[in-house]
Amino acid sequence: MKMIKVTIWNEYKHELIDPKVSEMYPNGIHGQLAEFLQDEFEVTTATLAQAEHGLTESVLANTDVLLWWGHIAHDEVEDAIVSRVHERVLDGMGLIVLHSGHFSKIFKKLMGTSCDLKWREDEQPCRIWNVNPGHPITKGIGEYIDLEMEEMYGEHFDIPAPDELVLVSWYPGGEVFRSGCVYKRGNGKLFYFQPGHETYPSYYDKQVQKIIKNAVTFCAPTGNAYPSYGHFEKKEIKA
Amino acid sequence: MKMIKVTIWNEYKHELIDPKVSEMYPNGIHGQLAEFLQDEFEVTTATLAQAEHGLTESVLANTDVLLWWGHIAHDEVEDAIVSRVHERVLDGMGLIVLHSGHFSKIFKKLMGTSCDLKWREDEQPCRIWNVNPGHPITKGIGEYIDLEMEEMYGEHFDIPAPDELVLVSWYPGGEVFRSGCVYKRGNGKLFYFQPGHETYPSYYDKQVQKIIKNAVTFCAPTGNAYPSYGHFEKKEIKA
Amino acid sequence: MKMIKVTIWNEYKHELIDPKVSEMYPNGIHGQLAEFLQDEFEVTTATLAQAEHGLTESVLANTDVLLWWGHIAHDEVEDAIVSRVHERVLDGMGLIVLHSGHFSKIFKKLMGTSCDLKWREDEQPCRIWNVNPGHPITKGIGEYIDLEMEEMYGEHFDIPAPDELVLVSWYPGGEVFRSGCVYKRGNGKLFYFQPGHETYPSYYDKQVQKIIKNAVTFCAPTGNAYPSYGHFEKKEIKA
Amino acid sequence: MKMIKVTIWNEYKHELIDPKVSEMYPNGIHGQLAEFLQDEFEVTTATLAQAEHGLTESVLANTDVLLWWGHIAHDEVEDAIVSRVHERVLDGMGLIVLHSGHFSKIFKKLMGTSCDLKWREDEQPCRIWNVNPGHPITKGIGEYIDLEMEEMYGEHFDIPAPDELVLVSWYPGGEVFRSGCVYKRGNGKLFYFQPGHETYPSYYDKQVQKIIKNAVTFCAPTGNAYPSYGHFEKKEIKA
């Protein structure tokens, strides 16, 4: 029985206009993410062009963990949908923000910072170091993983200090990047993960897939109720 | 020479409509804050009713640390001004959010959470424990301070885990509260501090004043430039 | 199938000399801990008086999570055994330190601080607040739990800032305490949990039991190998 | 008036036996550290060969911030002196641990982990990134600094997650390292800083010097009393 319900959200624009991207990801980036997640999780997908971007109240109510990939159309995501996702995260839904999703409205809203960074597309490899070896997200990952090609994302990455720093990337041009970061916001757990440039094959990499699967399990809600807030009458303590 | 430039922002509504508040703070809450800060810092004040809420580009450019007190009119603060303050914080300006400012637009924007909490006005005392005794903000403060009367603010306080937890409050009704919290966002340092209900005399308390003065010094900018972001050419390393 | 192997270590001295303790815990504190853990986990116990304090190489090698209760005989624990436990924690074994175990050699060695605190035995109740509602350790726990009687432990608690602060306790005498604290050390996860005075019935409380069970699951090792250290030859990156 | 009293502790062994080191640091590593610190701080030095390693009760009582450089003789430092330094740190003295001091008894005692890491001496440069741009320790430092030559120290660095991560280093061989880490222990503040291989000129670098100076100011004690611990009578709250 697959216990965790995953919704994969993809902007799904590059794939429709850029042959290099549709060659790399013929079923869309969401399709490839679904491909390796569906063996272990109950997976659905949603895209920008759908009504309410595919993120209706009912879809979100049935989502344990939401994955988010966006890049060139962050501004087209309606604020009302962003607020809806935000409330679900505070309520306990997990959220995994991938690659260029660092600039999505939802990530910026949850971080409270610019989420800006340095970048360079130069078809170079990267090495991702595991700096938190006992963390559930790095289970089964060795000390580092190499990707044959990934976009350079470099510091300073304008995010709050992660609640747990899990991965740090090295790029041959001289840059480093906090590439795997855990946050808690309200009842919800978040994971930002750097790989996933639209013309590079990162989501076919077994180790990248393993990290994303681990992150889904880690970010799944505990089922705790969202705390009560507002006026609070004194509760007598038993003695 | 006073090196640090402080701007005190107050909503300044309670004082104009509620005699209990104007009796407690005849010069406004901002007036009383200014009263004890001006010996050590260069202090100006700003209020909601002023043009641009008194927070013009030039005022903010000349502010090292901004204090924020608001309560019943959070929604009247224009989003454009909130964004302006937000950018200045990321750029390095310090921000001290007081009491009911936990629900201000600027604090919620910087935190990314609901910032909600439990509360009760029952004219009871509170005890504020120093859980970070070597922190500059608690310099000269003993192990705890007692306030004869303060509004109860109780957990769960829906904030990100503080970068530094400094103070935890005890209330006689059975509640606890993370009442002194340090955050970094971009280049800026923030301090949230619980005391300051509008009808209680907390800002006349010497220990509360000491904590706020320490926080001003702590949150003052280092003068570092905001990092550069965006496309980044490889920089050769000297060898 | 019970997957997680738990070893419960108890000093087991109070129970043999103090009738009040043996009445409260007729099978020893370890016996009562085993009583509620054995339904879900594979449980063994070990005590100070056993050879190597019951913590032989082989016992530890077969332990996923170790619980530790000690009080009046911390100094009788041999340094060599403490070092052995320490190495297993760095290697990935989980460790749950209970109540007066705050002053155990192993906890002090892992924390690097004095681990001192304030205390008072006055047969008063306490309220333990959940300040991390989405955390796996508080799964199924509401917003707070009340214990009818628990020893007061008060701040300042001289520990490093927890990696995750989970619980904060309130005592009627005016004190607060960081009573549920998560740490990572090497590959291992640790949880310190305050309740458990030897003459009070805390380990019969269902909520306390739930928290300890959750903590066992949380602290269980991921199975990752301990990283390699020392001289490191350059590893070529595939490109 | 120089307000902060700095004691520089150096093992001082390499310089006496290795001509390459004595050429690089003719007055000892401590001599070169003193050279650039003495303009701003009141500086004294101490070495292993001195009585009580130069760290008598009176020297430590007169030290605000202690710097520590050691490498091949960690084991020759007496445990009693390590305990004395440890107590002073908990009491509020700042501690700056440099380079191979990661393996010193005092750092391991304060961290509670192995403090192990990967290393390689290959006369290659490194780039140190500022990942905490508003931090007082990086004041006046740009986005990164390049060192023409520094020993490679690589992850995993077996330390607790830093209270504040300030610097991350990049090495041309493919490694990254958390090279500037802030911790609080008791009342004391600590900074670990990676540069300083004994045959490389890092302590002549103006940016390295700037970081160490900033760290001295940052780690200086606040003057707060060490909290009281032990049995605690209920203190009535004023109301």
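As written, the chain order gives the labels A, B, C and D, with residue 1 at the start of each chain.
Note that a contact is a pair of C-beta atoms (placed from the backbone, for glycine too) under 8 Å apart; a residue touches a chain by one contact, two chains touch by 3 or more.
What you see is a predicted model, and the numbers here were worked out from it, not measured in a lab.
Chains that touch both chain A and chain D: B, C.
As for how the two copies chain C and chain D face one another, over half of their interface residue numbers coincide. Among the remaining chains, the Cα-based centre furthest from that of chain C is the centre of B. Chain C has its Cα centroid 37 Å from the Cα centroid of chain B. Measuring from the averaged C-alpha position of chain A to that of chain B gives a distance of 32 Å. For chain C, residues that reach two or more other chains under the stated contact definition are 127, 130, 132-133, 143, 154-156, 161, 163-164, 174-175, 184, 186, 227-228, 237. Residues 90, 109-114, 116-120, 122, 152, 154-156, 158, 160-161, 163, 173-175, 183-186, 227-237 of chain C touch chain D in their complex.
Every residue of chain C that touches chain B in the complex is listed here, in rising order: 127, 129-133, 143, 154-157, 161, 164-165, 168-170, 174-176, 178. Those residues of chain D whose C-beta lies close enough to touch chain B in the complex are 92, 124-127, 130, 132-136, 138-143, 146, 148-149, 163-164, 172, 184, 186-189, 221-228, 237-239.
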